[in-house]
Structure formats: C-alpha cells, structure tokens
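Read through the structures below before going on.
Two complexes follow with chain A in common, the first pairing it with chain B and the second with chain C.
Up next is the complex of A and B:
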C-alpha cells in the first residue's frame, strides 16, 4: 500500500528529500556480504518493489522514480534546492507540477501560516494531493514532514493537516515534527510549537517528535562529527524514520531463518503502526530510539549480538535515553514481588529513588532488522510493567522484523514508542511560552493576522492537558 | 522570491545608496557566473532591454534570460542636485534612469520642517508616482529600504515624509530604515532638532529601524585601516607579522571589485559599512541556505512590542586574512567580536545592557553546530530579559560576502540604545530650552510648534520604555505559575 507524503516549509522539504534518498539508497544497495540463504536476490527484489510501491511511482518508461510527495512552502528557495538535490541523485526525483510555493514566507508567524497562507493555499494543495492519491493503487495514508518553530511548517502544516482530516476522514495521518533547539533558534518558537501541537492533537492520528538537540548530540557523540550541518542531522532523522518505514514482517517467536523468507509483509504499514502505537486519542506523541548508530567508518569494525542490542534498547526506553551513550543503568522497573518498587538501588547516604522514575509507556513498536533476526529473544519487551497499568497486556508491544540488513547495519533495532519521553521537552516549551505570554511579548504579531488572545489560552490549556495525561500514567 | 525597493533620500541617503548599488552589483557578479538573470538578482534589480526608446522590462520568466541591462530598484530623492548628478555622471549611471529620481535645486537648509512640510507637500504626488512605477515593476514587493540621515533636512524631513506615504499607500509592505544618526560633534547645529522630529515619525511608521552612528563608522574605519597593509600610493608602513596577511579587498570598508574607480571620497569607507548592512541583512532572502531568514522574520523575531523596533547591528569579521586555513578559533572570534562594543554600528555596549532579542545571521562556511556552540559559549556573558532567556534567532546563508569565507551579522534589540537616545534628547533640550532656531521651523507652512513637544515626548516615552525594561535586568528568573487544568 502506498503512502503520500507532504513536505512543508524549509525543514519539511529538507527532511523529506533526505528521507526519499535514503529509502532508495537502502532499497537498491545491499552490501554483498549480507547476501545469505535467507536474504537472496528474490528477497531483495521483493524489498525493493515494496519500497517503490510504498513511496514512489514509476514514470511511463519505467526507468525513473518519482517520490509520492507534494512539496509546500511559502517561499521558493527551499523547494528549488530540494528539487535540484533530488535530481542530482540520479535515482529519483519529484513529480512535476506537485510543488506549491508562494513568494513570501510565513515569517516564523504561526498565525500568518495558519490563518492566511493555509486557507489561501488549500484548494491548490488539495488538487495536488488528490492527484497523488489517485496514482496509488492502494492508498493507506499521509505522512507529513514539518517543523514546529517556523511559520509555514507549523502554521500551514497544522491547517493542512486539519483540512486533510476533513477531506479524507478515513485515511491515516502521521505527522513528523522537528522540535527546536532548547537554547533558542526562532524567538517565537515556543508559541508556534504549542499552537501547532494543540491543533495537530485534534486532527492527526500520531505525531512523531524529533528533537534537534538530541539529534545534534547523536551526530557529535555517535557519528563523531565536528561540524554538524542540517544535512547531517537530517540523515540521522531519515535513518530513524526509514528504519520503521521500510518493508517489515510480523515477528513470530521461535521461527527458523527460512520462515521470514515466505512470510507476507505488513501491508498497511502506516495504519498498523498508528493503530498499535496510538491506541488512545489522549496519547498521540511518539519518539524514536534506535541502536546502533555510528559513522560509516566505525560500522566496518563493529559487531553486535541481538541480546546486547536489545538489552541496551530496553534500558534506553526505561531510562529515557536518546542514544546508547550515557544510559543511566540504575533505573530499574520495580519487580512484581515488590510492586511498590522497594528494590530500587539505594546507595548508602542517598535518598531512595522514586519508584515511578522510569519512563512509562502506552505502547511500543519494536522493529528489528538484519542478520539472524529470528534468534532474538524479546521477553524483556513484552513485560507488562513497561506500560501504564490500564494498558491491556499483550497488545502494548508490537514487533516487526526483516532479515535484510538495513542501511549497511548488519543488525539494527528501532523503538517507536508512545511514552513519557515528550513530557520534559513539552513542559519546557510550555513554561517558556507562558513566561513570554504573561508579558504579552510578540502577541501583537499574531493578532495582526486576526488571531485572538483566547486562541493562545486554548492552546495552552490543550498542551497542559497533554502534559497532565502523560505525567499521570 | 520577493523584491525590495531602496528609497534613498538626501545627501547621506544617496551617498550610502550609491555604495550599496556598487557593492550589490559586485556581490551578484561574484556569485552569478553564467550571466543569467536569476531570481536572486531580481530582488534588487530589473533586467531591461534598452534598445527601445522606452526601455521595457524583460520578465524573469523561468530564470533563463540573459542579463541585458541591469536597473536598480531604486528611488533617488534629493532636494539638491549635486550628489545625484555626480552619481549619474559616474560609473553607476547605467543602473539608474531619470524616471527614478526626484531632485530640486535649493536644498532643505538642514531644516526638518522644510523637508517634511514644504517638500513633503510639494512633491507628494510626484514621489508617489515614481514609487508606484517602481512597485508595479515588482512581481511581489516585500520591503522598502529607506536610507537617510537624521541630522540634515532632506533625508530627515522628506525622508520621513516618504515613510508616511509608504505607510499610507503600502500597508503590508515592510518599511526598514537605515538611519544615520549625527555624532555629538556634528557640524549641523540643528541636527538634534531634525533627529528628534524624524525619530517621532520612525517610531510611529517604520517596521524596523537600523540606527547607524557616524562616530561608530569612523571608529570602525580606523580599526580597519590600522590593520590594513599600506596601499601602493599610501605612505603608511607598519610591521606585519609573516603569518598574518590581511586581505584588503575583504574589508567591510572596501570598494575593491566594484565598478567605482578612482580616488575614494571621504565618506566612502564609512558608507560601505552601512551599505554592507543592507546586503548582509538581505542575503538570506536572496541566496540559498540551509536555514533561510526572510525579511519578515526579522521583525517577527526582533520586535516584541510594536514601537520598540530599533535594532543595534554589528558585522564581523571586519576583514579576513589571506591565509585560507582558518583555525576554528577565528570563527569563534567572529562571534565574540559581534558582541563587543567596538563592532556595533552605534556607540553603545549591548553586553552591559539587557537583550530583548538577538538574531545571528551567518553567511558562508558555517554550520548549525558552530552557531549552537557559540551561543552556549556567549550566553553566560549576556543578559536576556526574563521572558526571553532563549531569545535567539539564527540563520544560515550559503553565499559568503565577497572576499570572505564567512561572516556574521548580529541584530539586537537591546536596551543600550537608550543611551544614544538619551544623549540626543539632552542635545535637543539644550537648544530647545532657549528655543534656539525654532522660528526657522515654525516659519515653514504647516509646521506647528507643538510638533517639537510631541516629538520630544515620543522620544522620552521610548527612553522610558527601554529603562523600564532594563530595570528588570538581573531580576531572578522565576517561572510563572501556569494554567491549572481541572
């Protein structure tokens, strides 16, 4: 089944471009050393076909691939840059005529994007979207790339997500949002972020959060980069997203290597993902944790075992670590014999740790890719204590896998989790926005476009509610 | 892409404007190698077929047209002929045509009222017409850049009258003003009057004002020239260490590579600094980059309250070294310098006052992690207002300024500007207490004595606003109790 992507604003367009690039690179290039009995040319071909079906169309000649994407920005430079980069790849490009851009950007003003550009653009954007949807034999939903801090991705993005919801009430909509640096990069970023999140919460099925701070850390600590560009960061984002979005099969414990060769793939990937990870309308925020992550150079010298990878990944989940470095191993889940959590590691002279200190989940999707994936033992991820007590056990963790190594990693694991991870950044953003709002600084810039102060207050209330829901898990 | 129109008024405005056009041509020449009229050129220039008697614009189309003849999107206004005539005789004559200029012969006698009231009335229709013509040649007009001095009569008076006209006729086109403030020892005796009267208009009608102080420009020029190697004709000889070769053409004061030949005029170096400000501020909207800053983002991010739209600017480095292997230390130095008081375009010290907001606009070979590192490094030495502790706006444009590997333009909304305004107020009061020269103003038709009072009140109010904000400096930052959800 096919997914139609919408790339909004500079950030959305740059990330979309990088992602399609990776999807194709991964599908068409498999390191010969990874060919095996369970990953033969047939498996490989199937994989490639699935990637193409999901994210690309072939033109009439059958040679060149077009991304199933609509590009939207209110200024032209980011789109033209992304178009020319795609062309340079020589492997794929964007469909002609599926770019919507205006002349002047939204100027980091959510109200400008949401109240003015959004409504003005919608009709033509809808045309383009419909054209793209009609190209799909089986259409399963939308993937929307945007940032929270600017005016176009956030404002126009929120408007278009809402309008798509009305126009396609039964399609799945997944938003991928880039969280701005905590130390500030757009001065009104916190306003724009809460306005966007509160709107998306009403119309999106799921929101995947990617934080620039954490991504930059990954680039410097794990990828060993000195000068980190947005391209580097976007490659990490693409890796994380693609590790979930590439072809997968349902994991089935205790099978042999041959099993997955014949197992059918998860068809409605987007829909299944949303249904599994966002089962409750009050909880729609998702984050991605993956392991391993390293520079290409180190990749050649590293080997991993599934046991080791999964042990780390589980600890990253409960200790809420965004990368494998610096995980706090002291965080523990209380054992059943002592449900009050009295077995926390209390060091002499220190206060006992809070029993609820670990990162609780609503649901998790674990995706495993690579050599000997059938041998992994997943008991630690099916532990019901990972989740809020009211989550029915058995449906909280979904496991997908594929024996084909992903993006040159012999083995890799990614966790798409709906957990308490976003509470801290969300709290931070709401506090900063509130501090500013009580001085009414910058508010006039929004009122200029016909927004009312109440609109801010409603968004504050909505985001406070999200924080409260997650905190009280 | 959008277009902008530069409106240059008075002697100062036209002299800086002239440097701007020269440097803008130089910049585009160095990035545009194929001679095609592209979008980025179209933001300040038109492509014109001059074979016709009434030259017509060649539309941008699909950005495939050859450059025929470039015309500046400029409107030149002066009530004297000297400066404009000289420009029209000089090497830049081809980028202007006479439909774009409005001159008179008698000048404004350094009298704001003559400029604002008399000429403002007399030329309103004509100016409106010329600007309309320029605006109609734009496909999407986003911004007017007004360049003028505050101390004289034409720039300050007629310039702010044009500002009123723009506010009236083009409500949703941004109005940015580069305003040259007189130094304390300015030769125009009435400059404090003119400046205060003009400021009232700027406070009311501009979206964003970039004050530039002549003394600050002089100091920067001295700093640069003491570091530059002696010119062929110059006698200056000084010791130069062997590893430290300074590239003269990279200096922020330099005209090298422009069309202008021959001896430089006294103001030229200073004016190049002011001209570079407009270039650097617009670079991110003209050229590609991984984090674009459109012009409307500048006001959105830097103006928290409507009238507090005065921005202190600094540009670094002032020049670059010929050595291409730049150590990262120099990159970090560029960030540090942008916050030092001797790099600001007004005589003020933002480090010891309160930041309401700060934009860092980078050009060239700089990555996002370089910005983050430097923000974290500099943050502890700067004071930000309690509700905007993370008040940074960042931008990355991939095209560096001519002759440099990278550059930084810092724009700050900082309370230090109140000192500049306070001194201006004092100089105004010194004259106004004695009502010195006031009659020269009230003689002019339409000029009321009350204008003096309302203008100085407006200035006092502005100073008061910045003072009130600055009083919050150092206040312990506490989070404000939030909304409670039932």
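Up next is the complex of A and C:
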C-alpha cells in the first residue's frame, strides 16, 4: 500500500529528501557479499518493487521515479535545495507542481503558521495532496515530516495535520517530529513544541519523536563526527526511519530461512504499525532505538550476533538509552516475587544495585533485518513485565523481520517503542514553557495573530495530561 | 469547575450507555439545588443502576418504578428515611435521589457491573449456516474477560484502560478494513475498465464471458494463456509477412545444399558400396546391378585408353588443321582479293564504255539524260519514251554483267565448299562452318575470332559431349 508524504518546513523537507534517497539507495544497491539462498535476485526484486510501490510513482515513460510527496514551506530556499539534490541523485525526483512555497516565512511563530499561513495555504495544499492520493492504487495513509521548534513545520504542520484528519477521516496519519535542542537557538521553541504536540495529539494516529540532542550524541559518539551538520543528523534520522519503513515480513519463531523467502510482506505497513504500536488513543508517542549505528568506514571491521544485539537493545529499552554506548546495565526489570525491585544480593553497607524505576511500554515493534534473522531468539522481548499491567500480552510486542540486510549493515535491529521515553523531554519543555508563560514572555507575539491565552493553557493542560498518562504506567 | 463537569459528563455517558438519552450533567446540577424537573430522570437512572437486568416492572408506571427502587435500596441497606418518604409521583426529592445514587455508587462497584453488562464488540466468526441478513449471535462473555490472561484482582481502571486499548485497536483495524474496501473498489473499477479497453466498445459493462471468467478464475487463466498464444501467433504472422523473401533465399540455399549432398553421397555411396560388398552379402538384384556396374566401369576403363589415344590424335590433327586452315584462309583471301580486283576492273571498264557512249549520244542529240523512276502503270508518251529505251538497254546490259558475276561468285563458293567438305571428311568429328553461315551455328561467330578457331571450339564442345554421354552410360 502506498504512503503519501508531506514535507513541512526546512527541517521536514530536508529529512524527507534524505529519507527518499536512502530508501531508493537501499532498495537498488545490495552488497554482493550479502547475496545468499534466502536473499537471491528474486527477493531483491520484490523488495525493490515494494519500496517503489510504497513511496514512489513511475512517470509516463516508466523510467524515472517520482516520490509520492508534497513539499510545503513558507520560504522557497529549502524546497529548491531539496529538489536539486533529488535531481542530482539521478535515481528519483519530486513530482512537478507538487511544491507549495511562499515568499514570507513564519518567523518561528507557531501562531503565524497555524492561524495565518495554514488556512491561507490549505486549499492549494489539499489539491496537491488529492492529486498525490489519486495516483495511489492502494492508499494507506500520510507520513508527515516536521519539526517542533520552528514556525512553518510546527504551526502549518499542525494545521495541515488537523485538516487532513477532517478530509481523510479513515486514513492513517503518522507524524515524525524533531524535538528541539535543550538549549536551542529559537527562544520560543518550547511554546511551539507544546502547542504543536497538543494539536497533533488530537488528530494524529501516532507521533514519532526524534530528539536533536540524542541524535547529536549519536553523531559524535557512534559516528565519530567532529563537525556535525544538519545533514549528518538528517542521515541518522532517515536511517532510523527507513529501517522501519522498508519492506518487512511477520516474524515466526522456529521457522527456517526458506520460510521468509516465500512469506508475504506486511502490506498495510503504516496501518499495521499504528495498530500495533499505538493501540491506545491516549498513548501516541513513539521513539526509535536502533542498533548497531556506526560510520561507513567501521562497517567493514564490525561483526555482530543476534543475541548480542537483542540483549543490548532490550537494555536500551528498559534503561531508556538512545544508543548502545553508555547503557545503564544496573536497571533491571523486577521479578514477580519482588515487585519493588529489592536487591536480594545487596551486601551490608552497599547501595541496592537494582533500580526500582525502569522504562515501561505500552507496545513495542521490533524490526530485525539481515543475515540469519530466523535464528534470533526473541523471548526477552515477549516478557509481559516490559509493559503496563493492563496491556494484554498479545498486543505488547510485535516482531517484523526481513532476511535482506539494510543499508550495508549485515545485521540490524530497530525498536519502535511506545514507552515512557518522551516523558523526560516533555517535562523539561513544559516546565520551561510554563516559566515563560507565567511571566507572559513573548506571548504578545502569538496574540497578535488572533490566539487567546486560553489556547496556551489548554495546550499546557493537554501536554500535562500526556505526561501524567505515561508516568502512571 | 470545568473539570468536574467533564467528569460528570463521563459518568452520564456511562449511565446513558445503559439507559439512553436520560441523564446529563445539567440534571446533576439541578439535583444539587433540589430542583424538581430532574426528579423523574434520577428515578429512572437509579432504577437502571439498581436492577438493570434483574427486575423489570410489568407495569412501568411511576408508582411501580419508585416502589421497586425503594425496595431494592432497602435490601442494599440504605436506611435514610427521607428517601423512603419521597412521593411516588416523582414530584420532588431530586437531591435526596442524588445522595442515594452517590451512596450506591460508593458502596458497590457499579462501574464493573455496568462494564460486564456491555455488549461485546469483538467476536469470533459467525456460524457458516447463518445467512448474511441474520443477526450474528454475540457471545455473552465480556471482551476483557475473554482477552485478559492475567490473574489477580481486577482493577476497574485497568479494565477500562484495557477496553479502551482493545476498542481503539479494533477501530484502527476497521480503518485498515476500510482502506482495503477502497482498494477493492478501485480494483472493481479497474476490472470494469478492462472490457472497455480490450473490446473497443463504448460500454464498460461486463459481458457474459467476463462474468463467467470472474466467477471461474481458472478458466480466466486458461483464457489468458489462449490470448497470449494468439498474440504470439499474430506476431509470428507479422514477422513471416515482413521477411518471407529472406526465407525463400534460405530455401534455395537448402536446395543447393541438398544437391551438393546428393552428389557427395553418390560418390560416397560408390566407395561405401564396395566396402559393404566385402562385409555384407547383397541380394540378387543388388548383386546384378553391382555386376553391371563393374562391367560398365571396366568398359569405361577400356574406353579411357581409347579416349586418351583419340585425344592425342586429335591434338595432332588440331595442330595440322590449324596450319592448313591458316594456309587455306590465306589462299581464300588472295582469291577473293583477285576476284575483287577483277570485278572492279570490269566495272570500271563498263562504266568507261557506257560513259563514252553516252557522251557521244549527248553530243549528237543534245538530249539531256536523266535517270528517273518510271512508273510502269502510267507510261509517259512522246520524247520521254526514247530516253527510257536507252536507259533500259543500259540497265539490261548491266544486269547481264551482274548475273555473270554472280554466277562466277557461286562457282567460286562451291569450290570453296568442296574444299571445306574435303577438310571436314578428313576427320569425322570435325565441323566446318562456311563463311556465309554467320549467326546460324555457333554464337561465337559473332566474336572477332577467326573462323577456323570457331570451328575448333565446336569440335571441342562436341567431343566433350560425347565423353559425358559415355560416362553417363557407364554409370
């Protein structure tokens, strides 16, 4: 089934471009050393076709690929750059006439985007979206790329998401949002983030949060980059997203490699993803954790086992770590006989080694890709203690896999988790925003576009409700 | 205050789930101030909560309903006399009723009870024997009871969360189903566009054949194969029509190859037959033919020596003939030259004689002599008749001279023929062509070759034919 993407603002457009690039690169190129009985040319061809069907359309000649995307920005610079980069790749490009840009930006003001640019641009954007949806034989839903800090991505993005929900009430909407740096350069980023998130929570089916601070850490510590640019961060984001969005098959424990060769792929990827990871309407926030992540140069000198990868990933989940480096191994899940996490092995005078608090989940989606994927043992991820007590065990963890290695990684595992991970950054942002709001700092900038103070208060209340819901798991 | 209204709204939604459209947050507000308008609604709500599935009054009048509620509350242990003193006509006492409802909610786990009364939405597939119009029987157990695997005390909040999760999951699944439905619609639309494109008709309706194929996919597959076969057939036809000439060229090469092979096999057969004779015993006919073949080959062998001798003789004779022909040719040319000279001399003499005579006549009669073509049918009279007679006499004389010359020529030709005849009789295979046989015999006569060489070529050709004939007869 096909997915129509909407790229909003500078950040959204750049991430979208990187993602499409990676999707097509991964689909068309496969290291010859990874060819095997389970990954032959037929499997490769199916994979390629599925990627093309989901994210691209073929033009009338059938030779060049057009991304199923609509580009929206209030300035033309980011769009023109993304367009030229796509053309340079020589493998794909954006469809003609599916770009909407204005001459005047939103000035990092959520109200400007949401109350002025959004309503003014909606009709034309809807036409473009309709056109793109009509190209799909099997339309599945929308994937929206945006940031939370700016004006266009956050303001226009929130407005367009809400309008899309009204126009397409039965379609799936998945928002990918970039969480601003803790010490970002936009002073009103916390206002923008809270306002956007509260609006998205009403109309979106799922929100994938990617934090700039954590992505920066991954770039510096795992990728060994000294001068980190937005492009580097966008590449990490696109790697994480593509590892979930590329074709997958349902995992069946105890099956051999031949089974996955003939197994049918997950058709309604977006719908199934949301159904599995966001089954509860009050819990829509998702985070991505993947392993391994390294620079291209290090790939040739690295080798992993599924057991090791899954052990690390599980610990990343319960200890709420964004990367494999610096995981807190002290965090353990309490055994049923010891629900408070008391350390039986604690020696007199020593502090308890087990931490009582761990990252609880609503649901998790584990995606495994690579060689010998059928040999992986996933018993540790089916543990019901990972999830809230009221979550039925059958709904908690879903496992997808594909024997084809992803993005030159021989083995890779990605966890899309609906857990308590966003609570900490949410708390941080809400507190900062409240502090600013109590002194009415910069509020007039929002009020001049027709916003009321109640709007702020409602958004704060909604965000606090989200925090409360997740905290009470 | 907005929060409490929201919470009251939530409990109203729960109550209305079992007693539709009755109670609202406004009823609660009015009850707080003991307003009478809301009293009947509260009685009915209390009745719903108390005895939803247990007792139903046969007569659902106000009186019966109030008494039933009072009875039930008394059984539950509610001992507030003001409640029991409320009038049966539901005219007042909304606050008292609200307090009674609150007591009941606090005392008993009403929410769990109400949840258990919910109609389940998640059910297994209906029995096959039911028709689509029949109502699907719903299971009597609650969803969360069937789905929940965990044991222990049931927390209502957890049950509610679980139900919320399950129903949301269900709604998401239904949304996927809707997407599939849209996909199905598109597929149907595509299906309808198939006959339109293929059959060149304006209508996009299915034909009976289309319907048959849709019902029987296996037949459709077969049909598709057949259509594909037809496509290939048409393609082959097109290729044939375009490249037929090439084929016939190739066919000629095949024929040539066959002839070539036949020659080779004939030769091989000769040799192989000899070998086979040694190995196998042939039948009578074959043996006879073989014997005949051997005889013929022997004859051929004998003839070969004669052929060689003949060829030697012929070579010698050829040289002699060539020499004699050259001599004869020279003689002939000399004779002809002489004859020509003689003729020329005679002609000049005759011309001179006639000119002298004529000049004499011209000088005597001074009659101009002019040669004109005379029409025999219209003879001219008078002076002209004399002139005609002189000319005619001269013509008659010249014709006589000519005839004599022609006679001489013929005699010479006969002599020449006789000589050629003698030459040709010197050898039986020699063919001599006389000089006046141009264009009748050999086409080579048109060339600039000398006559005797043409004769020789004719001889050679004839000999070759004879040799071939011999060879064939041997075979």
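Before moving on, here are some points about what is shown:
One rule holds in what follows: the second predicted complex is superposed on the first by the 459 of 473 C-alpha atoms of A that agree within 3 Å, B and C clash if a C-alpha of one lies under 4 Å from a C-alpha of the other, contacts with A are read in each partner's own complex, and residues count from 1 in each chain.
Heads up, the rule we're going with is that a residue touches a chain if its C-beta (ideal position, glycine included) is under 8 Å from a C-beta of that chain, and two chains touch if they have at least 3 such contacts.
A quick note: this is a predicted structure, and the numbers were derived from the prediction, not measured.
Of the two partner chains, neither chain B nor chain C is touched by A:60. Shared-chain residue A:172: touches chain C; no touch with chain B. Counting residues of chain A touched by each partner, chain B versus chain C, the larger count belongs to B. Using the contact criterion defined above for the overlaid structures, shared-chain residue A:297 touches neither chain B nor chain C, since it reaches no partner. Contacts of A:108 after superposition on the shared chain: chain B is touched, whereas chain C is not.
Once the two complexes are overlaid on the shared chain, A:187 sits against chain B while remaining clear of chain C. Of the two partner chains placed around the shared chain by superposition, neither chain B nor chain C is touched by A:262. With both structures placed on the common chain, the touch criterion links A:430 to chain B but leaves chain C unconnected.
Across the complex, chain A is touched by residues 1-2, 39, 139-140, 142, 288-292, 294-297, 299-306, 356-357, 367-370, 372, 375-376, 379, 386-394, 396, 479-480, 482-485 of chain B. Across the interface of their complex, chain C is touched by residues 1, 137-141, 170-172, 205, 268, 271-272, 274-275, 278-282, 362, 384, 388-395 of chain A. In the complex of the two chains, the chain A residues touching chain B come out as 10, 14, 75-78, 80-81, 103-109, 112, 151, 181-188, 216, 219-220, 225-231, 233, 430-432, 434-436, 438-439, 441-442, 444-445, 457, 460-461, 464-465, 468. Listing the residues of chain C that touch chain A in their complex gives 147-150, 155, 158-159, 161-162, 164-166, 168-169, 172-173, 175-176, 178-180, 182-183, 186.
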